[in-house]
Each structure stands twice: as C-alpha cells, then as structure tokens.
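Questions regarding the structure given below will be posed in turn.
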Amino acid sequence: MSDMKVQIGSLVLKNPVMTASGTFGYGTEYMDFFDVSLLGAIVTKTVTLEPRYGNPLPRIAETPSGMLNSIGLANVGIKRFLSEKLPALSTLDTKVIVNVAGHDIDSYAEVCRLASEHPRTDAIELNISCPNVRQGGLAFGTDAVFTAQVVAAARAVTDKPLIVKLTPNVTDIGDVAMAAVNAGADALSLINTLLGMGIDIHSRRPLIARGLAGLSGPAVKPVALGKVYQVAQKTDVPIIGLGGIMCWEDAIEFFLAGACAVQIGTLNFVDPQGALKVISGIDTYAKEHNISSISELTGAMIAPE
Amino acid sequence: MKQYECKLISQQEVSKDIWRMRVYTPQIVEQSSAGQFLHIRVRDSIAPLLRRPFGIHRIHRESGELEILYRVVGEGTNIMKTILPGDTVDILGPLGNGFNLNGNFNTAMIVAGGMGIAPCFYLIDSLLELQKKVILFWGVKTSEEIFIDVEILKVKGLEVHIATEDGSMGHAGFITDPLSNYLNTCLQKDIMQGFACGPNPMLDSLQRITKNSAMDWEVSLEAHMACGVGVCMGCGVSHRDGGFRMVCSDGPVFKLTEVDLHE
Amino acid sequence: MSDMKVQIGSLVLKNPVMTASGTFGYGTEYMDFFDVSLLGAIVTKTVTLEPRYGNPLPRIAETPSGMLNSIGLANVGIKRFLSEKLPALSTLDTKVIVNVAGHDIDSYAEVCRLASEHPRTDAIELNISCPNVRQGGLAFGTDAVFTAQVVAAARAVTDKPLIVKLTPNVTDIGDVAMAAVNAGADALSLINTLLGMGIDIHSRRPLIARGLAGLSGPAVKPVALGKVYQVAQKTDVPIIGLGGIMCWEDAIEFFLAGACAVQIGTLNFVDPQGALKVISGIDTYAKEHNISSISELTGAMIAPE
Amino acid sequence: MKQYECKLISQQEVSKDIWRMRVYTPQIVEQSSAGQFLHIRVRDSIAPLLRRPFGIHRIHRESGELEILYRVVGEGTNIMKTILPGDTVDILGPLGNGFNLNGNFNTAMIVAGGMGIAPCFYLIDSLLELQKKVILFWGVKTSEEIFIDVEILKVKGLEVHIATEDGSMGHAGFITDPLSNYLNTCLQKDIMQGFACGPNPMLDSLQRITKNSAMDWEVSLEAHMACGVGVCMGCGVSHRDGGFRMVCSDGPVFKLTEVDLHE
C-alpha cells in the first residue's frame, strides 16, 4: 500500500490533491456531484474584508485549451464567509484552506487574522497574484519588496500554516518566491493565472470587459511546470503546483518538477469528478510503481543536461 | 449525483442548422423541471475545453429520454452534431432553477425568440399537464425555423402567434409587435403569467412593453458559462440591486423586473 | 478594393502576413508547397556569427494546443547564410527580413552589420528573446538596460529597418519595449516563446533535454495578444504581432489589439498553406467590411471599461 | 505541391491495436519511393496540434491508393483510427529520402522490428520488382503482431525469419540473435545490401553486430517531428561528425554507420 499522505509544514493532508481557489466556490456547491471529503483539501474562493460584486461583464471566455477570467474577487466578504460559509464545511472530513486577499498591507493582515481565528480554518493561502484587481493582487506579487512586506504582515497575525500563492507574470519567479519564504511563508502555491487577452472581432470589444484577464487551463500547464521547477531549484519550502492539471499524469509531472501537492482549478468546470479521478490515478500509479510514499516523487525528475 | 454518461438515442437536423438530439437519461428526466438546463461536454478533449449549456427541449418520462434542440453556431455545436447514436454523452444536470408553475394563473403567455423556443416545448407540455391555457408568441428570422407543423400545436389547444423577420409566415417583423398589440387589448392580465426566452434585444423590448403591466413575467437568460453550477462566478447578469446574479445558479430563469438586460 | 499594403517604418509589405523566424527555415523549404512570393515577408531562421548545431536532443515536444522547442539557434552561420541561403531568395517577389542574434553586444552588432550589407536583406529582426541559449537571448531581452545597449549597437551599424523581437517572459513588457524604441528600434515584434516545461512521467526526464524550453502555438495566443495590447498602449512604433495565430480571425485580433502586421509561426508546421489562408481571409474580411486599408484596423479595439 | 486532401478508402484493425488505413492519393503514389513518409493531420483541430508522421506501407499504382500500417499508441492514432471511409485526410508527402535501391547488390536483407515492418512491405515490393532476392528478419513481441500469413511472403519468394519475444513463433528472443548467427555464417556479404527499420535498441544492437561486416546497411529512423520538412530543426539525430542531421529532411533513411543511436 502506498501512502498518499503529504505534509505541508504542519498541515497534513490525506492525499496531495486539493481544489483551487475560485474554482470550487465555498466548498458546498459540488456536494451534489461527489463526496467532497475525499479531497486532500479544499481551498476556498478568495475572501476580502468587504463583500465584492467583482468586475463588469462579460468576465469569462474560452480560448484555445484554456479560459480567460476576470471575476475580480467577487466574494461575500469575510463576515458572511465566517458566519455562513465556513460553518457549512464543519462536518467535512477534509482540510479547509482559506484563501484571502486585501488591497493594502493592513487589509491583507486583517482578513488573514480574522480568517485564522476561525477553528475550521486549517491553513491560510495568501493571494498576492490576482491579475484582476486594481489594488493588491499583482501589484504585490510582481515585486519582491512588496511581497516580503505583505507576507511578513500576514505572518505576524497567524500561527496557522501560511501558503503564499505566486503569479507567473514576472521575469524571475525565484526572486519573489525567496522574498515570500524569507518573510515567513510555510509553503508556496503556484501558479495563479497568466495575463492574457482575447478580442471579439465582430464587436471589436475585448472578450472580457476589463480587457486583460487571467488565463488558466491546460494551455498554461507547461508554463506552470516551468515555474514550479524554477522555484524548486531555489528553495526547500513545500511547493503546491497548479496550472492546467487535467489528469493524474499531469499531477505526477508537477510532483516530479518539485511539487509536494497539487491543486485542481479549471478541470473542476470541465469535469466535476476530475479531482477524484486525479486522486485515484495517482494512487494506482503509486501502487504499480511500489512507491511507498507519494512524497518520494517530489523533485524526482532526472536533471536536465 | 448530477453528472451522467448518457446514451445518445438519435440525432436529427430538423431544419437548416437546427438539430434535435435525444438521449437516454432517466435520472435527469426524473429530477428536472421546465426551464432547467444541461451542461454538456461535447467530446472528451481539451478542444473545446468548456462544456456547452443547453435547455431541456422535451422530456419523455416513460422512456427516460429527453431532447435537446440546438442551433449549430460554432466549434462546440459542430462537434455535438457528429455524436452518433449509441455513443455516450457526458452531461451535468438538471442545473439551475426552472420556471415557477405554481403561481395563481390560468393562462400562460409564452414569448419565444429564435432558439429561445427550445425550452418552451417542455414548458408547454408542463403547463398543459397543469390544465393551463397557453398562448404562444413565436418569433423567428424566417419560416424555415418553424420546425414543426403549427397545426399540431393548435390541435393541442394552444393559441399560436408567429412573426418572421422576412415576412415568410405570420406577422412580418419582430414578435414583440403582435405581442404588444395583444397586451394592449387584453384585459385579464391578472390571471395570466408570462414566460419568455430569447435573445437579449427581444427581452429588452419585452421589458419596455410590459413596464406598466400588471402581469408577472419570468424570463430565461443566456450567458457564457464555465462551471454551470455557481462556483466560477463568471456568468453574471446585472441585478437591479446594483450587483450581479449568476445565470447558472440563481437562474437561468429570473423575474423580468429584477434583471438589467441593457449592456 | 481594399489595400493590403502595410508600412513598417520605411519597409513596405504587400500584405501584413509574414512567416516567423525559426518556423520557415531559410525561405526555400516550403517552395514545393506554395508560392512563397505571395507572403508579405519571410523572416529567416536566426543567424549567428558562427554556425551552431543547437541544443541536445530531444528538442521539440507537443503540449496542449502548443509545442515546446529548444532548438538553441541551430543555424549555418552568417557566412554560409550570406553565400548560400540569401542568394536562393533572389528571385522571390517578397521582402526578406533577416533575424540575427549574438552572445554579447559585439557579436550582435557584427552579425547585424554583415546581414545588413547584403542587398537581399530588406530589414533586420534582432532576436533578444530566445529562451534557449545560455548567452544572449533572454538575458538581454528581460532587462531594459541590456536591451537599450544591444539595440543601440545594432542601430549604429545598420540603416535598414530594425525590428526588435521581444520576449513575453517579463514583469513589464512596456519597459523593455520603450528601452528598445528609445535606443532606435524602428519596429517591435512580439512575442517570442513563453518559458515552459514538460516531463515524461515514464522516463522521468524532461521532454526537452535542456529542461526549460519555449512554448508556442494557439495556447499562447491570449498571452501574446495581451502583450501586444500592453505595448501598443505605450508606443506608436509599429508592432508586429505573433504568437499562436492559426487563422485569419486570430490575425484580425492582433490588428485590433495594436499590431500593424503579423507573423505566422507554429501554424506553418500544422498547415504549410496556413499563412496563405490567413492572407486571403484578411482580404475577404476587409472587402466585406469596406475597409479601404488594412491599417485602419490597427488598434481599433473598443477600449475596455 | 506536396499537401493533399486525400479520400479515405478503408480502415481496418489487422491485429490488436494495429490498423491499416488506405487512402486515395494518386499524386503521392506517383511521386513516392520506399522509405519515404507522410505527415498526417489527424483532425482539423488544435488538439492534437501537430501532424503525425507515418511511413508508406504499400502503394497501389493502378488505383492511385496507398496504405499506412500503424499502431494505436496515443491521442493522435486514437483519433486517426476513427476517420471513416469517405472522409478526407490532410496529408503532406511524400517526405524525406527513401531507401537507395540502386546499389550494386543482388540480395537484400531486411530487418524489421515491431512497427518497423510498416515501410518494409513497400520496400519488399520495390525490391521484388527489381528482381532482387529478399531475406526478411522480422521481430515482434508476440506472434499476434504478425498480421499476415507468412506463407504468402514465402510464396512471393522471400526467405523469412521470425523472432518473438514471448516465443510464440519462430526464435524466442530478439530478432538480432538469428540475424547475428546468419551474418556470421553467410559469406557473400559483398553482394548484399541491408535495410533496417525498428526501435532504437534494435538498431543500436544492429550497429554492434555489423561493425566489422563488409555489408552496407541503410536504416530508417524515427524522431518526434513538428514540421516534417526540415525547417523547425527539431527532429535531429546525432551524426558521427559531431553535429546533428534532421530525420525528416536528411533522412528518415540514413547509412547505419553515420548516425549515433546511443542516447
């Protein structure tokens, strides 16, 4: 029997597959589709201090093997999140990672503090990489100095495992990663969406009202894998890999590149049971290859020439 | 469970570029109500990546089958029409909230524009089961889109009004013209319930026409969708409260007065 | 009749569609497949001072709606290029843009000078964005200061139109674009490939021997469009758009985002006649929409909200 | 012109996961020689994006048709096998350089491993037309892969040696064992020409076996390809001069002694 357990700092997951922020709502929406407790963890939609309606419409569009979104962190706000959404997950037998964002350092710290206080919160994921908001988001995640500041502020207010979610839209992701690690991140998750655009040639309008948006899905998988590999060369902090995972083979690629766990994003929309199929595929693979612990795969790629 | 591998029973082009697909899926048939929709993966591939949403056109309880009526417009529908009898189709459904048929009305007025007719057949069947009188306003570009013999509908007891943009059948112009006339002369609006499904400009004009009317209208909306189940927050529609509602999970059926169709 | 002519500085093309460097060899290879003179221009494979065998094998792989390559600027060297390859294009009725690269500023300048001296060279494209070489390439293209230096050095040795080809692997492409423009670039072409990776889970080796490689094809189109749009907001210098163009509709998207011409890369491999289909598609579109000059489309997207 | 829309004539599974596809393409048939290959777009979609290369299995000059023999291994071949008779297939070809049949030899020795047999049938037909004697060494994993009755080949005049890894037919083990024995005992190597097509380990061992032999060998190689026509520089093979050659445009047929198959 192979052991699917993975450890991310002090956070222990029963298996290395979670659902990614913004693609799994508040964790309850897919309960009609499968037993959500089978997941390694759920990462909730980014929550901010105040409720947000999000960006103007349209805000999603399909692209070749991918999709663009500019939801703009639409969410119910931390208050309703803590009183309505988190409690609905109380009986689930899986970990809950609360993804948070702010528009400045104080609001990042405050939402992080409030989310950490709730007993159902097993870990915090700090979203410093959303391309779809004017303040916060990318402005932090593309700058090592800002990254250090916001991570330090979050670290100061939480003892729960702190995961920092990185953007691929940078010249050198290693710099930003090291800034986050040095400021106290327990783990890194990458990638958030790639900046991209599409245009409706008939209306001559951008496919997404705001113009630039975030690209996800299988199209970005090679970019995501490359970034995971680059960051893994720089730090031993646990890496959670995501970006375009569509099947268990993709997940194994991320492990080999250096990730100890993965998140499933866009695949949830395509196949709600996709995350489960990834879990059982990894399990079968591990058994067939006599892998006693999944963590053996992390970084096990044979180094390039 | 709301995800099913359904066997395709038949596939037929009922009019130019309008196809009817019949699948065997007793669970969806069992759980569904008129106005709900399905989210279909047209093939097991990353191209196209996302599912495609379609209303339920008709259900057949005895056989556990349902029909989808769709227009071939782009990549997804062009692939969908090539699915062969015996193949399986990956379907999420039934999704969203259907029409409310429990209201205190005895006559239903249905306005369908273009492919908006698709879910209206399920709606009509449900209304007739409930012994309601049904008045159908059906607008199309050209009479070729009227894929069935209208007499059949009349035999069922429907009052049918047709408008074609090219004047090839019924009123020449938009369906909202005869509708507007009808509403101006009709007196018993309080015991009527309106249902509408069609392109945004039609619904927009319906909003104008019915502004001062006592009648309640429910409209079924379309929006580009990713998840179809309310998690991606992509398929918003502007709400009169200033925010957005999700077409997939808050709709696709809304009260005509609560949504802003202007943009 | 619509006018397909476009002007890029002093370079006039009969239509706005060229074939991209590295995807059309030295211009002769596809002569068996169609009349190459119908193209707006040919951009030749990057040529360096010395011949190069390129990177270890394997050096191409397929990815979802894209491909990775790490050819490593394999080329015959400027000497053989000028004596054997360019002369073979002498009778072609299309423009020839010679793409060049070096490993330091001097070699960039020297190869640029040699290429410019040849009468068949209609313009130079400076490749400062190849992700697959240790020296030169990305190291220049990701840094505004280096970019300025290498462009200035090239500018000093050529009077021919100078196009600078940019990489998308940067935090802010606008910075690099402005550095190139201020240093004397007549036009910019973007994007070169996105950095990415793939792993063969059976052998546990990277799909590409060198590990990281360059991603191209339809998967990257949204990223490319976004970059073209971002650069177009910063400068009026002509922009040549490329990245994932598979059909004429894609080309129109690039025009609307701010490009005055496009290049076809990976599509050549998929459909050698693809570039011609793009040309005739644009032509038909222009006629149907009574567009008197294709340049009317440049930047004609309705601005986002 | 080297790009053709070819009509598919037939498609048949000749053995487990081994398919034979026949297409009508008189121009390619006319221009081709044994050992050249085709670059096929398995469907008009971005998934999969790239073409797939296949050798020409047989040609039929009278009918203008050719056959491809292929193993279903991944996404592309799984789609290819679903192309139906009457559909068109987008093919580039003939590409690359075929076998050189003009040498001064009277006996041809062919070594085929696995799907390496595919182009060898075209080669055999061509050799027989030239009145050469043909000795075929055919190695497979299991006898199920021997998709034709070997007696038919013998009737044509071939000398046939078979090896199966599972011992279900002929020699139990690799084909290079009987080949090696044969070469050790055979005396007239100077009037023989060798041809080989198969997996790299087989060719690698062939290189070792034949190192001190007087016989000339031509081998057909495989490599992952993008363009198939020598422009992308992707499909390299190491050359003894230290650099690379392109499998698509310098090959796929090379002299056994000029390439390095070790990596």
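Note that the chains are named A, B, C and D in the order they appear, and that numbering of residues resets to 1 at the start of each chain.
Convention: a residue touches a chain if its C-beta (ideal position, glycine included) is under 8 Å from a C-beta of that chain, and two chains touch if they have at least 3 such contacts.
All values derive from a computational prediction rather than experimental measurement.
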Chains touching both subunit A and subunit D: B, C
Separation of mean Cα positions, subunit B and subunit A [Å, integer]: 36
Whole-Å gap between the CA centroids of subunit B and subunit C: 47
Rounded Å distance between subunit A and subunit C, as computed from the means of their C-alpha atoms: 34
Residues within subunit B bordering two or more other chains: 46-47
Subunit C, residues touching no fewer than two other chains: 56, 64-66, 218, 246
Pairwise touch network: line, ring, star, complete, or other: complete
Subunit C-facing residues of subunit D, complex: 1-3, 41, 46-51, 90, 92, 223-238, 242-244, 249, 263
List of subunit C residues in touch with subunit B within their complex: 64-65
Complex contacts: residues of subunit D adjacent to subunit A: 46-47
Complex contacts: residues of subunit A adjacent to subunit B: 22-25, 29-30, 32-34, 45, 53-54, 56-62, 64-67, 69, 71, 74, 217-218, 246, 266, 268-273
Complex contact set, residues of subunit C against subunit A: 56, 63-66, 68, 142, 169-172, 194-199, 201, 203-206, 208-212, 215, 218-223, 225-226, 229-230, 244, 246, 249, 252-253, 256-257, 300-305
